[in-house]
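So, here come the structures, one by one.
Shared chain: chain A. Partners: chain B in the first complex, chain C in the second.
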Partner chain A sequence: MRVMNIEGIITWLLKIVLSPQVFAPIVFPGLLTALMVLLIIIWAERKIAARVQMRVGPLYVTRRLGGVLQMLADGARYMFQEFIIPDSADKTPFVVAPVMALTLAIVPFAFIPSAPGFVPIKSQYSLPAVLALISTIPLSVMLMGWASNNKFAIQGAVREAFMGLAYEAVVFLSALAMGLLYGTLDLEEAVTKQWLPGLLLNPIAAFTFFVGMVMSAGKLPFDIVEGEQEIVAGPYVEYSGIIFGIGMGLAYLKLYSLTLIYSILFLSGWNPVITPLYSIYPGLAGIFLFIKSFLLMLFIVFLRAVYGRYRLDQALRAGWRVYLPLSLIAVLLSIFLRVVNIV
Partner chain B sequence: MSEPIESFGKHLKAIKTGLKYLISPNRITVYYPEEYIELPTGYRGLIRYYPEKCIQCSLCAMICPAGAMKMYRTREDKKGRPGVNYQRCIFCGFCVDICPQNALEMTKVHDVAFKQLEEMIFTPEKFSQEPVSPVVAEGAKKLKTVIDEERGLRHEPA
Partner chain C sequence: MSTSSENGVVYSRLIAKEGDESIYELFIGPQHPSSGHMRFIVRLEGDIIVSVDPDIGYVHRTMEKLAEGREVIKAIPLLERMTIIDSHNVTLGLVLALEKLLDVEAPPRAQYLRVLLSEINRISSHLYGLGIAGIMLNHSTMFMWAFGDREVWIQLAEDLTGARLTHTYSVPGGVRRDMPQAFPERAEKAIRYMERRLKDYMEIFLDNPQVRSRYEGVGVLKKSEASRLGIVGPNLRASGVKYDARLAEGYAAYPDLEFEIPMREDGDCLARMQVRVEEIRQSMSLIRQVIKKLPQGPIFAEKYTRLLPPAIRQQVAQTGQVKFPGIFASLKLPEGDAVSRVEMGHGEIFYHVTGAGSTKPYRLRVVTPSFRNVILFRYLMPGHRFMDFPAIYGSLDYFPPEGDR
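Moving on, here comes the complex of A and B:
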């Protein structure tokens, strides 16, 4: 009787863990996968930049694996570093803002489907919901800058605000273009509507969304919020210890959720579905979605080796004068495609 | 409007160049503590002193522009023998050039670290010992630089 009971509890726990409401945000594509991606992508970024720039890159932490555990070592270092709260800082927001930023960076996974029928919160409006959640991250970054009470931090926060507005308009419009094209704002349905990858259906929207995504994650050439040579770490300048690590990881988390959306909207998501994997467990069928977004992230971090930085005014000019009109054209193109009934 | 289109092509070209180096990397650095590059002849590293050749003329101490070379006199040896203070030495090689007996020589050892400033003062006894590069002592592989027409610099085991 007692053994039965324990078995019952185990199956009950398994059922809870394997339900999409828990598995998706916590295991895949959520928190655990995101942390793994974080560790690997930062290493990959440094290694790729080193390859292109004729260097070796991180190596001596786990030499045989090419230094892949470098970020774990850095993370451990941040973990044990003292967390200093400056006297002049506004203490409550100074502590709360980074935690809020990290939370807001993880919440979007609640709306991102990873396989057909495998989504924690099923909603007709999952696309705008995810984008809205991602666009709240700059608010907490601004709060970080403001609470730090430091010249560099405030300047960085203001830059974040400028960049935030510029790219959000572009990202939202290009996402709207795809929404119009598929006739739905549900991410899951958007995948089923793609008989051709969205990249080929509306290349303009794909391009503007891509640029907006790079801007949003603050990757080069839009690495404006932080800059060692002028405003040091920008809004994160007063932070030390693990919170500084969070500030570093934040951009990558944002990039991860945006690349997932990009793969869903433009690269036909989890298709082709591997049926045996799907029949074992639906969550595993998202493997193609993960591979696509990971490759996309690798390409974005590769851009670091190619580009220098734009100035703030140059990036804003590009954002408002080039990419905003382009994304409007993308919306028009979608409307046209919709009228000729191609999707 | 033509400017953005033109610059788009340039962006693509830049990305193409980056991808080219990503696929076939042209690494110009070496795994230093395990490998080291053979230095060219005439490299000015740490100085070696040969007391048996020295005629104790003290020209080296006189010519030294940094005041690094100094004659160490003892009660028995009134003329003295040279010692060097590497805190001051600028590795100009004047002492080596002026020496009439070639009793001083520039070695290729450059990668030596000192834990204390006092260790950088070399007395004649220490000065007459062969300087040892820690990397070579640990058995690092020696590489030589080869100029490649296509790749630029290349390193081959020497």
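Moving on, here comes the complex of A and C:
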């Protein structure tokens, strides 16, 4: 009787863990996978850059695996470093803002479907919901900069505000173009509508979304907010310890969720679905989605080895004068394609 | 409010009043990722730089005074430390001035060897500058490549002199060591490698549209301004003034060798960087010529080798490694003045040595190229965006320890 009870509890627990409402945000594509991605993509970025630059990159932590656990070591180091709150800082927002930013970076996973019918919160408006959540991250970054009460941090916060406005418009319009094309704002439905990858259906939107994504994640050539050579670390300059680590990881988390959206909108998401995996557990069928977005991330971090940093005004000019009109054209193209009934 | 620099007067400093809240003052350095060993007081209005005050002196080591307190021969390894990345060029001027005072001349072979090491130094100095300019745009690949490839030239210098950075190669009367036998092959290999790499550099950095957009038309130094402010080196030549101490002075073996002075008319950051890359090419051609034309003969002046005991004299001739005569420890500088100018990687360095009949110089004055170029921070920056600050800084190739002496 007792044994039965324990079994019952186990199955009950399993049922909870494996339900999309828990599995998706906690395991895949959510928190755990995101942390794995964080560890691996930063390592990969450093390894790729090292390869281009005639170096070895991270190596001595787990030598046999090419130093793949380097980030874990770095994380542990951050964890045990003293967290200093400057006297002149506004203490409550100083501590709360990074936590808020991290939360806002994780929450979008609640709306991102990873396999057919496998999404924690099924919504008709999952696309705008995800984008809205991602676009609130700059607010907490600005709060970080302002609360730090440091001149460099404030400069960084101002840059974040400028950049945020410039790329958010581009990202939203490109996403809207795809929404129009598929006739839905539901990410799951968007995948089913793609008889051809969205990249080929509307290449302009794919391009503008890509640029907006790189700008949003603050990767080179648009790592303007951190701007090490001018403003040291921008909004993160006064942070130390694990909170600094969170600040660093934030950009990668953003990148991860944006690449997931990109794969769903433009690279036909989890298709082709591997049926045996799907029949074992629906969540596993998201493997292709993961691979696509991971490769995309690898490409974006590779840009670091090729480019330097654009100037703030150049990036803003590009955002407003080039990519915004382009994304409007993408919207028009979508309307046209819709009218000729291609999708 | 606008910032203008008509007739070379920077009005912006007058406009920026104390307590003016529209001005945002930033203190950059000395603890800052891209300040170097110095501080800049940058005033911004919005994103526009209103004024930049370079605050130098953080690495001032009283080089002149230290040199006046010791025997002249010991000033060479001391003054090397001013610009450790270009340490032969920086001391060659001192050696030339001392030779003028002591009335001794280096034999032709030594003159050629001096050119050889000077050009190796120039290449590694320019690579250092390129790398720093790269990382100031956060272009880590350029940084790593330039610093990695600099190793080739440092090792070449090590082959020649026995030291990677502090060569102390030229001494009054000649050079310290002869060229090793295997050197020409190694040098040729290094040159061929570097020629290949320069193409890569152009592709990833100077012809990269992203980098060009940061450099083109930024930090323009007009020809008239350049000569008025007394700018030297590649920064001057990029503004269209054809001045190079190697041409003007014709020291060492330079008059016998053929080389071009790379020039640009634009005077912007891109021009300055291009001049440096061109100079690397010219330096490599000079190294080839030196190896081809290197005359046979002694590497140390007869006046001093005569003072060595015969056994040691023979040993020097055989090994090609000079043993200094005892007189070097108490080399008396005759009364009088001597000046010399030498073209370093960063520009022209000027020495004025006054002897007073003692073993120590009465006065040793040195004007370094970085010290002459530091004024540019004040004149080039105003009116530019704040993010241009590191771009211009990188393109000037300013080296604080050299400027501070």
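A few points about this structure:
We take it that the second predicted complex is superposed on the first by the 343 of 343 C-alpha atoms of A that agree within 3 Å, B and C clash if a C-alpha of one lies under 4 Å from a C-alpha of the other, contacts with A are read in each partner's own complex, and residues count from 1 in each chain.
Methods note: a contact is a pair of C-beta atoms (placed from the backbone, for glycine too) under 8 Å apart; a residue touches a chain by one contact, two chains touch by 3 or more.
This one's a predicted model, so the numbers in the text were calculated from it and none came from an experiment.
Considered on the superposed chain A, chain B and chain C are sterically incompatible, since they clash. When the two structures are aligned on the shared chain, A:111 is found in touch with neither chain B nor chain C. In the overlay built on the shared chain, the residue A:252 is in contact with neither chain B nor chain C. Contacts of A:54 after superposition: both chain B and chain C are touched. Ranked by how many residues of chain A each touches, chain B and chain C are led by C. Residue contacts after overlaying the shared chain place A:306 against chain B and chain C alike. After overlaying the two complexes on the shared chain, residue contacts for A:167 are found with neither chain B nor chain C. In the superposition on chain A, A:232 contacts chain C only, with no contact to chain B. Using the contact criterion defined above for the overlaid structures, shared-chain residue A:43 touches neither chain B nor chain C, since it reaches no partner. In the superposed pair of complexes, A:322 makes contact with chain B only, with no contact to chain C.
Across the two superposed structures, the residue set of chain A contacted by chain B and also by chain C is 52-55, 305-307.
Chain contact summary for the complex, chain A toward chain B: residues 48, 51-56, 59, 302-303, 305-307, 322.
Interface of chain B with chain A (complex): residues 4, 14-15, 17-19, 21-22, 25-29, 31. Residue ranges of chain C in contact with chain A, taken from their complex: 24-27, 32-34, 47, 134-142, 144-145, 148, 204, 208, 210-211, 213-214, 385-390.
Those residues of chain A whose C-beta lies close enough to touch chain C in the complex are 49, 52-55, 151-152, 155, 220-221, 223-224, 227-230, 232, 304-314.
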